[in-house]
Amino acid sequence: MKEILKMRETQLAISIVVLIALVGSRAPVFVSSSSLGNLLTDSTLLIMLALAQMLVIVTRGIDLSVASTLALSGMMSALLAVRFPELPLPVVMLVAIAIGLGLGLINGYLIGYLDLAPIVVTLGTMSVYRGLVFVLSGGAWVSSHQMPPEFIAFPLSRFLGVTNLVWIAGSTILVFWYIAMHSRFGRDLYAVGNAPASARYVGIPIAKRLFWTYGISGAVAGLCGYLWVARYAVAYTEIAYGFEFTVIAACVIGGVSIAGGSGSVAGAVLGGLFLAVIGNALPVVKVSPFWQSALTGVVILAAVLINARSGKTGGRQILPLHLNKADAQGSAA
Amino acid sequence: MDMNTTPVLQLTGICKRFAGIVALNNVALSVRAGEVMALIGENGAGKSTLVKTLTGIYRPDEGTIELAGQPVRFANAQDAMQAGVTAVHQETVMFDELTVAENIYVGRQPCRGASGRIDWSKIEAEAEKLFERLEVALPVRARVKDLSVAQRHFVEIARALSQDARVVILDEPTASLSQREIRELYRIIRQLRDAGTAVIFISHKFDEIYEVADRYTVLRDGQFIAEGALADITEQELVALMVGRTVKQAYPKADVTPGEVLLSVENLCHPTEFDNVSFELRRGEILGFYGLVGAGRSEVMQALFGLSTQVRGNVRLDGKPVCVTCAADAIKHGIAYVPEDRQHQGAHLTLPILQNITLPILSKVGFFLRGRRAEENKIARHFAEQLELKAAYLTQNVSELSGGNQQKVVLGKWLATNPKVIILDEPTKGIDIGSKAAVHRFIGELVSKGLSVILVSSELPEVMGLADRIVVMHQGRIEHTFNRGEATPEMIVSAASGNELAEDCA
Amino acid sequence: GEKKSAEAGAGGEKIRIAMVVKSLGNGFFDAAHAGANDAAKELKNVEIIYTGPTTPSAEGQIEIINSLISQKVDAIVISANDPNALVPITKKAMARGIKVLSFDSGLDKEGRLMQLNPSNEQLIGEKQIQMASDAIGGKGDIAILSASAQATNQNIWIGIMKETLKKPEYSGMKLVATVYGDDQSDKSYREAIGLLRSNPNLKAIISPTTVGINAASKAVVDEKLVGKVYVTGLGLPSEMAGHVKSGAVREFAIWNPIDLGYAVTYAAYDFVKAAPGAKAGGSVNAGRMGTIAIDANGIGAMGAPFVYDKGNVDKFSKIF
Amino acid sequence: MTNEAPTPVTETPAASTSRYVIADRQGFRLGAALGSWESMLALLFVAAFTICAIVQPHFLDMVNLADGTFNFSEKAMIALPMALLIICREIDISVSGILALSSVAVGLAHTNGAPPEVLLPIAIATGTACGWLNGIMVTRYKLPSIVVTIGTVSLFRGLASVVLGDKAFTGYPQLMTDWGQGYFFGFIPREFVVLLVFALLFAGFLHCTTWGRRVYAIGNNPVAARFSGIPVDSYRLGLFMLTGAMAGLAAWFLTGRIGSTRPNIAMGWELEVITMVILGGVSIAGGAGTIGGVLLAVLTLGTVTYGLSLANIPGIYMTIVVGILLLVTIALPRLLRGRRIAK
């Protein structure tokens, strides 16, 4: 029990609940079921992107290009749907994913096979992809009345009372949990992140793994691109501008170590949820809009500080341990 | 032994070049099943490079590798493993955040059926079985970051043995093990040999080589020199083959009588790492610190050098209390600490040799370094030559040197600070016999110049041969202090194990 | 002298007028560009350079004006991201003989020769309140969802809206909140949802920015509040058509950006040609739009904003 | 920095005991010198400049060209300390936030009647304080700098917007205008001169002093640096404060140049600054890079963007070009080298 309480994820989950309760006490509407449902729906895109980013960060990498990939694939799927309204929705979604995958694989090739620094590569592709959104759309908006109705309706339509967004995010979480914990691919990523040189010595095909990791990140961003555009019913060059830092912040809050090698699916999910709660709560509790950014900054710093504290392993224990009273009581209880 | 069987592993004409450096030149090697082959050579002779070539990490530029008569090519480490060639490398190959069991099977986890799902229970069961076979007790679910250095080493050995290997290579496996653990290792090696595995054993310690190996192969400067049975050759002859000349191997205790007390440490305490450490160091004295790996010697020394926080206690230098809160203080007071982990704590691998050596004394060279190049070169060359550093030029990056030569650069760096007290933490770990003698000679010179040396070493002969007094530590406390010639090896080892060879209780 | 210079223009090089907009990829300015091109065609020897930064920033516009000065264009017409920050550079441009005019979002007086307001600011502010009032029957809580807190135009309009609300005919309406969506769809959407949540009696959201009005409409639809909460404000017909159809928006307004671009190009032409009316207190020729009077502060204004609803939005959505 | 003079491989007289002869340095190799990042950048710069000069009729107008330096001078001022920070294995994403907050501090002081001369110290002090906060979080609490500064950028810009709300500070004193917009000798922008002076100072600091050597050592191996008696955390803290101070200086210049402060001032500059540094050959893994390289990268980027904007190519195409430039310059050497050594 104590172990579980000590876990970062548990602490984060508790703080999310406390936060929701606090906001709820100031603004009871916030804890209404529809509001919470909306919060959940709102957090899905961030959570999915945070999951993909988690895998990348676990390999000691970083993907700054997610937001641009999202924008590009979102814009392309919107253009596609406008141009060919009769195209079935699954095809549009698959195309969005494929575009994202392709863009991610470009990152993956440069980082994996050419062994270039992830932050530099994705910084470069970030601006290239964003520029391409403009080039492809000619700078024009794609707005709601142009898009086919089912294109727009899908993310928020409900299945068994829950929005499709939540279903998709839920299955993404499951898939990532499987990848991270039960697939060789995922475990290799942890190995690479822990000790890249050692990973080579045990024969992990590092380049290939990185290639596909960034591919996955891109594919998720691609899917989110469609979902984003459909959800807000508008596509323009600057969608999700600056969102990459929010995604990274979610991972970091979720305890994914930027130094690589550690990070859990639960952490990434909770980190995303945490930021979503903040983002949804601030407008509701009527904090002055001018304070929002500063508060978000403070919250990120605080979460990171607390994370660092709980994750700190003190010096090594060389001296023989003596059973002290507190411990004895703890074990007796 | 049957000399007629075809070798399991046969190398011919192996060449490997790095940018501008020929690491292996026409090397040949052959090992048979059920035999332990010692691979011997100075630092930088190319032993580790050969190992990496054999295990698919490097691809040879020329030459062939034959496995049981069949020519093979390894594209990566996994290929080699599958073909039955496994190795414990000189560098630690460990994944801190993963569990012991996963560390053993990382990269080739057994999967369940078509789903490709990792079979965790099988991994853990296999790991348990492996440790049972090795007769070492290790918790398979513990994270590796919580293990001691020696325990980690056994995880690596377990990894090498987890695949039914035809050839097992051990690259300096004993460098960070204590006597007891080394004996464990010997037992494992014999077990392997008796099971018909070919073992290649790399070490700079001749007692070990004679103890476990059957045959030897000598490399020098990347070239094959000789091969034969160890029974037919004396240590002297081997050394001569290795270095191309004869080296007097002894522990030259400099004839210096220790003077007045220079450094005195009283009640040095740390909340978790050590407790109540008191000792005195005299001018011109060599004080040996012996203990098992993990006894806390390095921690004490790092505390003395100002690298730890939370330390209490009194330190006096020349009778005056000194307060050392950072390494710069220590250097100013004339204390130098040569750390044991040269890759992480010692060397700046991608900086030139020159900059490595002058780093701690930069302020003495001057604030503006423009135009001081000649001065810097002089200092660096002086120490490089004294330590017989093998390098092409002073601006070469340290990463391009062999392990032992990197160690020499670190040593040189600290000698350059012109210290009063020099703390050497495992100074000869992984150093070849010729250079080791040079280091020992150098330690002798240091004390005869009036320096005081604290020598932390896990090599009993070294401590006994060099030290005026020996402090033995166990679990963060000083167990006993022996004067020179007062103790037998047995007494020291038993003190290091906590007198009654008690099992660790932590 | 006018004739001579016109001949020089016709015989020699084209007159180059650079249109610097807040940011590229904005439908409003694309329409203004189209208007400018119309004017250029009519004026014959005019070439339009259409440019603007990627993101709406003053620094980006400064860089662009720097290069336009180097290219020695004849006139710059600009919709400024910051009324003050661009003044030093436009002053430099004017010192090098380039005529600088601002349109839409204006520059401070000393930084330009003329400012062409799309419409009277007072009118724009009042119109939005009036539309909101019409939608909700003159009674109830309203809120404003703006672009960023730094947006000059929006801030002026919000100021006027607040003033307008003090009038007796709007005494039934109460402004409960002003929030900022930073012209990002996700943030605007979240802010709109926040408004709906925290103000259960909210009747209308006024959003004087296209991203905002889109996001607010979507939020109202998603929250199933169509018919209970109305969204109004400023938007382009092409982007708003869908929301008018869904019922979230009853009316919205915008001036005609094509005419704006057209008129400012004509005005710039007059300034380049040093037409006698091209000065504060004078008037400039604006082609099919007639003439535009310039007041003592160098400000000219076009007509009242045009209101769009179910009846006409489809027709205009094909135009801009 | 090596290879600056062709020195033949000299063999020192065998007065030593060693069996091995160690030369002072590797002889001058033309290939290595030409293959260095700086020479590649210099080549790129010359090429970009020449192409622009040929293609763009207005490019070589000296006055305009000098004016073109306004576009990057402030960013480059921040790129200089950022280079040191990245060499030291740290990074500061919050520079644009620091810039905004410093500018707000200047505006606040000015509107409250502070004399014009103290505005520069105020800008620098605010920047330094922000840098100190970053540095303390990184050194005292051992947090990764990228994480800390992602948080603080939001905090700093947020504070700026708390102070300003929907207002702006304008009407700055003539002194700031003179420095932000002014010229020496009538056509050399003062900002550019200040940038060059600082580049010289930073280059001297990094390449010629003990401090600079230590910065490299820290970036190369922080643990070994600490073991060598370098006060690693003080250096890190110092560099963060230096970066903050330079961001404050840049804020003063930028505010003087544009004459107004809004919370979104200098939005997104951090990535442009980092791009300059990386293109300048500073290794993101730490321990390598030169100020000369960074300056060359700044000039190259300046030339390319100026040339493109003369052709009235929209800014967004420029981001594509800059992105591709970045990718190509880092990938090309790797590709070429990969060909040569088939490992």
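As written, the chain order gives the labels A, B, C and D, with residue 1 at the start of each chain.
Rule of thumb we're sticking to: a contact is a pair of C-beta atoms (placed from the backbone, for glycine too) under 8 Å apart; a residue touches a chain by one contact, two chains touch by 3 or more.
Predicted, not measured: the structure shown is a model, and the values here were computed from it.
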- Message: Under the document's definition of touching, what chains do chain C and chain D have as common neighbours?
- Response: A
- Computed over C-alpha atoms, the centroid farthest from that of chain B is that of chain C
- Message: Counting only Cα atoms for the centres, state how far chain B is from chain C in Å.
- Response: 73
- Message: So the centre of each chain is just the mean of its C-alpha atoms; given that, what is the distance between chain A and chain C in Å?
- Response: 37
- chain A to chain B, mean C-alpha position gap in Å, rounds to 43
- Computed distance of Cα centres, chain D from chain B, in Å: 42
- Query: What positions in chain C touch 2 or more of the other chains?
  - Reply: 24-25, 54-55, 149
- Item | Sequence positions of chain D contacting 2 or more other chains | 161, 164-165, 268, 314, 316, 319
- Item | Contacting chain pairs - touch in the sense defined above | A-B, A-C, A-D, B-D, C-D
- Query: For the complex, which residues does chain D have touching chain C?
  - Reply: 58-59, 61, 64-65, 67-68, 70-71, 161, 164-166, 168, 170, 177, 180-181, 254, 257-260, 262-268, 305-306, 309-310, 312, 314-316, 318-319
- Message: Applying the document's contact rule, which stretches of chain D touch chain B when the two form their complex?
- Response: 2, 9, 12, 16-20, 22-26, 208-214, 216-217, 220-221, 223-231, 287-288, 341, 343
- Item | List of chain C residues in touch with chain D within their complex | 18, 24-25, 49, 51-55, 57-60, 62-64, 66-67, 69-72, 82-88, 92, 148-150, 155
- Item | chain A to chain B touching residues, read off their complex | 178, 182-184, 187-188, 190-191, 194-195, 197-205, 261-262, 313-321
- chain D-touching residues of chain A, taken from the complex the two chains share: 62, 110, 114-117, 119-121, 123-128, 130-132, 134-135, 139, 237, 242, 245, 248-249, 252, 258-259, 288, 290-298, 300-301, 304-305, 308, 312
